[in-house]
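Shared chain: chain A. Partners: chain B in the first complex, chain C in the second.
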Partner chain A sequence: MFDHNRAGTAYAFTAFTAILPGHEEAVRERIESLPRGPESPLARLDTLHYSRLQIFDELVYQGPPQKKRDRLKSSYLVFTASLDGDLDPFLDAIADRLPAEADGWWGHCVAYPGAANREAFKRWLKHNQVPNALFSSMYSTESVQAVRSALALRERVLEFATAAQGLEPAELQRRFHTELAGLV
Partner chain B sequence: MDGLKQRLGRPPALPRREREPEAVDLADIQGNVLRGYTYPCAAYIFLRVDDVERAKALLARMLPRITTGEPWDGAEPALAIQLAFTYEGLRRLGVPDETLATFPEEFRQGMASRADILGDRGPSAPESWEEGLGTGEAHALVTVWAVDDDHLDEIREELRTVGAAAGATTVVNETRAKALASGSDHFGFYDGISQPAVAGTGVKGRPGDGRPDGKGNWRDVATGEFLLGYVDEDAGLPAAPAAPFDRNGTFMVYRKLAMDVAAFRSFVEEAGRRYSGGPELLAAKIVGRWPDGTPLALSPDAPDPELAADPGRTNDFSYRDDPIGLKCPVGAHIRRVNPRDADGFFDGELTKRHRIIRRGRSYGEPLPAGVTEDDGLERGLVFVCFNADLWRQFETIQSFWVEEGDTLGIGKDRDFLIGCPNGGGGKLTIPGNPPFFLSPQQRFVTTRGGEYLFQPSITALRVLATAER
Partner chain C sequence: MSQVEAPRPIERVAIPGGGNTYGARTALMLFTPIQPKWTLLVRVSLWLGKWIPFVQQHILQFRFIHFVRWAVVRELPYNGPPQEPDRLNYSYLLFETNFDGAWRNYIDSFAYCISRDIRYLWGRGFAFPGPPPAEPLKAWIAENSMEGGTYYCAYPEASTRDVLAAVAVRDRLGALVNESEGLSPEAFQDAYRRFLVDVQAHL
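This part shows the complex of A and B:
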């Protein structure tokens, strides 16, 4: 059966978790204070391509006038991730590598069992998982590690090409063999 | 009036745009948002508000002289005056806290605190800026445009003496700008060709000015991308501060950019010797146009004076047939700052919300032709632009398209002409067989100072001048 959450070897995980009444500001502050880039706790997940934590306060409607406006019963913390392989090892990795941080943001949500209780933690996230209507992955067949090493290779080749510009053929060949040996 | 028209110095290659019925309240907006003045002389005068009540009296006195967007119909005034305020300026003038809080964060923070994402590092860092800029002292910017320096001197003297005598304001920074006779910038390139065509303004856009419609034609960019209170490209009203600042006003970017002409010329001369196309083509590849304005996208091998002189053609081009940049490099300056319908931008769907109206002007005397030794004189461009959203428009262009290359598929390369050099690295790839790598990147442009401003409607100016504290 077609899996809407999968594109190639990449998997997309989305969970909507209801925020406890009165905890909206606390979870917002928690998310905003997270370090970005390599310092982000999410950077400890080596199968994670891309992730986003955001808060849905209300439904925004931009169409023609409606008789009845849909409203959320509470604010939601929305976690999305695009990852390599399967969901289970990914959720295990969250519990292993960033339990305190995960408790920090999901702890403000309804019925959160805590990362220490691993099976309950995974069950809770899967219970709140929603299927993705449309998932496309920039790297649907390449792992995070493969993308990283391809980028590093690109840098080396570019550096070589820039430095070797204008060399005589013999010298160019010599430097190619010494500097890029084993790469190509 | 004929004599005056001549002195306005409109370049022959850029005749006036045609008029059409307008949907914008031209009498309530300040004139330079939708109209590019061709006055040769301009002064950018930053004022500090010393005494609020007196400053408001000065503002009330200036009000009738602020140039609006109404058509001149042949009666061009000898000078034009525009007025804009920094966040600190609005606060000093007594705008209530609850109104101030409705202004966007980047405006409240100011340009200096955005230095990191704007690439204002090293010699461009705010610590090295000119006195009075980026320090919270600049409260209002009076821009005066005139047919000659005498007219400028007059109004400037008035501002200084009246402002100071009444203890109302003090001039904290000032730059005199003057269009170069050639119509070019200091690097020698014809400037100001491309501007977004704005819907509803009563001015017909030239081909290439609007946004690509995906079918090979152009359509006007929605009014709300540049003026608050009008529908934008997202078909809603742009986010705007509270009344009276919610309509007919716009956000203004002021950046004084020093240009190292000697460094640019020497670099082009030196690297041009190693480049098979020679120095002229090399410089054109960095910019994306030949010095006369001919776009590389239309004429990649040589400038085409006939094309450059035809306003119907000189901006009418696309990057769709040149995905890897064989004609115009992906990293060329004009392709970066307005990628049009380039690969990855979905027929312009992803560029249409990142356009700006540019109103820059050169300052300083030109370095004589052929000279490659620095004469130690200060010269450059007063970069001014208008947009409805500083972050989505100006800052996105500057931080993602100029100071980074990832969105364009060229890694961490920065704009080779105006970008901030990246340590010892940085390069421009000129695609070809073989490609040519320009490296390392040098600094040709240094930020001397800047401010984010809000240019209110005439209505809002009146409220500012009269409101009780």
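This part shows the complex of A and C:
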């Protein structure tokens, strides 16, 4: 209830992991060459709504009245994930379903223990977690699977409504129970 | 009338095939310093936001936001050598949003519809170009946006409107299934027609 990373059943995970000196371009190349869409390794995480992996290497000086300039000593690999459910199963799923890819990008980060060392892997990511102050969503109680199912169901309803125009009541009722009622 | 400085090239945010867009979905992340005298106010405001329904409704009044998060970052995680600790002079406001459509439209909505809210939060930073107008704000965002990388969404074909409509259809269909138990064909037809009237805007 008091977890500010959570909204409804959704959870926002944010991690900043320092990249090993000299490895910045290797990480950039690694994450920017990942396949997109259904071929993305992140698509293997079935509780993941949205995610981004990016490199954070500069703090922008805003100009006066900002007096001091902050300069980063490390570049960071930033991983953000909007997921449904709890964090632990999500981190387990990363270790289970994309260990090679996870090692491929986080392996360039300081003190990364590897996905094979499950508990150390999860501890490391949690250590690098940045807690959120506020997280919100338009549909925070809907899981990824629920969203996908609802989208598919809407298509079915539309098809049914089109096909059922002009049916006699008994036939309409029969087809409704055969074709739609079992989908909810 | 004072002349507004020409905005910097905003294409910087939407790199071709880049890490912040996929299909019609866009991600935006900002990491901007907070003036020390306002850090506590920003922290408390965001913390309270979770508990005040009005704030949530206000954030989500634009029906194109899928997920949005804020964090106040005082220090970055440290993992020991060879990492050197990053000791920051300021706390930073991290903002990430996932939304439908082009980010220019998103910022236009923010700049003109909730300009006070924008100024309330990001105006606690330095040299923030409080909107309206929107163009200086877009230039500021282009300058502060984190770019590149890779971006994933599980249902890229669906806008928030699509998702909300699909959920509404599912829920109303569930109600129809429940209420149609034991109805005569004629009574079922009436119930089905009411269902269609209710969901027609969502199909």
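Please note the rule applied: the second predicted complex is superposed on the first by the 153 of 184 C-alpha atoms of A that agree within 3 Å, B and C clash if a C-alpha of one lies under 4 Å from a C-alpha of the other, contacts with A are read in each partner's own complex, and residues count from 1 in each chain.
We adopt the following convention: contacts are C-beta pairs under 8 Å (C-beta built on N, C-alpha and C of every residue); 3 or more make two chains touch, one makes a residue touch a chain.
This one's a predicted model, so the numbers in the text were calculated from it and none came from an experiment.
Applying the stated contact rule after C-alpha superposition, one finds that A:93 touches neither chain B nor chain C. In the superposition on chain A, contact of A:165 is made with chain B only, not with chain C.
In the superposed pair of complexes, A:154 makes contact with chain B and with chain C alike.
Using the contact criterion defined above for the overlaid structures, shared-chain residue A:62 touches chain B and also reaches chain C. In the superposed pair of complexes, A:36 makes contact with chain C only, with no contact to chain B. Comparing chain B with chain C, more residues of chain A are touched by C.
With both structures placed on the common chain, the touch criterion links A:110 to chain C but leaves chain B unconnected.
When the shared chain is aligned, chain C comes close enough to touch A:17, but chain B does not. Common to the chain B-facing and chain C-facing surfaces of chain A are residues 62, 154, 158, 161. Contacts from chain A toward chain B in the complex involve residues 62, 154-155, 158, 161-162, 165-166.
The touching residues of chain A, when paired with chain C in their complex, are 4, 10, 12, 14-18, 20-21, 28, 31-32, 34, 36-37, 40, 42-43, 48-56, 59-60, 62-66, 68, 70, 72-74, 76, 78, 80, 82, 109-111, 124, 127-139, 142, 144, 146-151, 153-154, 157-158, 161, 168-170, 172-173, 176, 180-181, 183-184. Interface residues of chain C, counted against chain A in their complex, comprise 17, 19-20, 22, 25, 27, 29, 31-33, 35, 43, 46-47, 49-50, 56, 59-60, 63, 65-73, 76-80, 82-86, 88-90, 92, 94, 96, 98, 125-128, 143-144, 146-158, 160, 162-167, 169-170, 173-174, 177, 180, 183-186, 188-189, 192, 196, 199, 202-203.
Interface residues of chain B facing chain A in the complex, by the touch rule stated above, are 235-236, 274, 411, 427, 435-437, 439.
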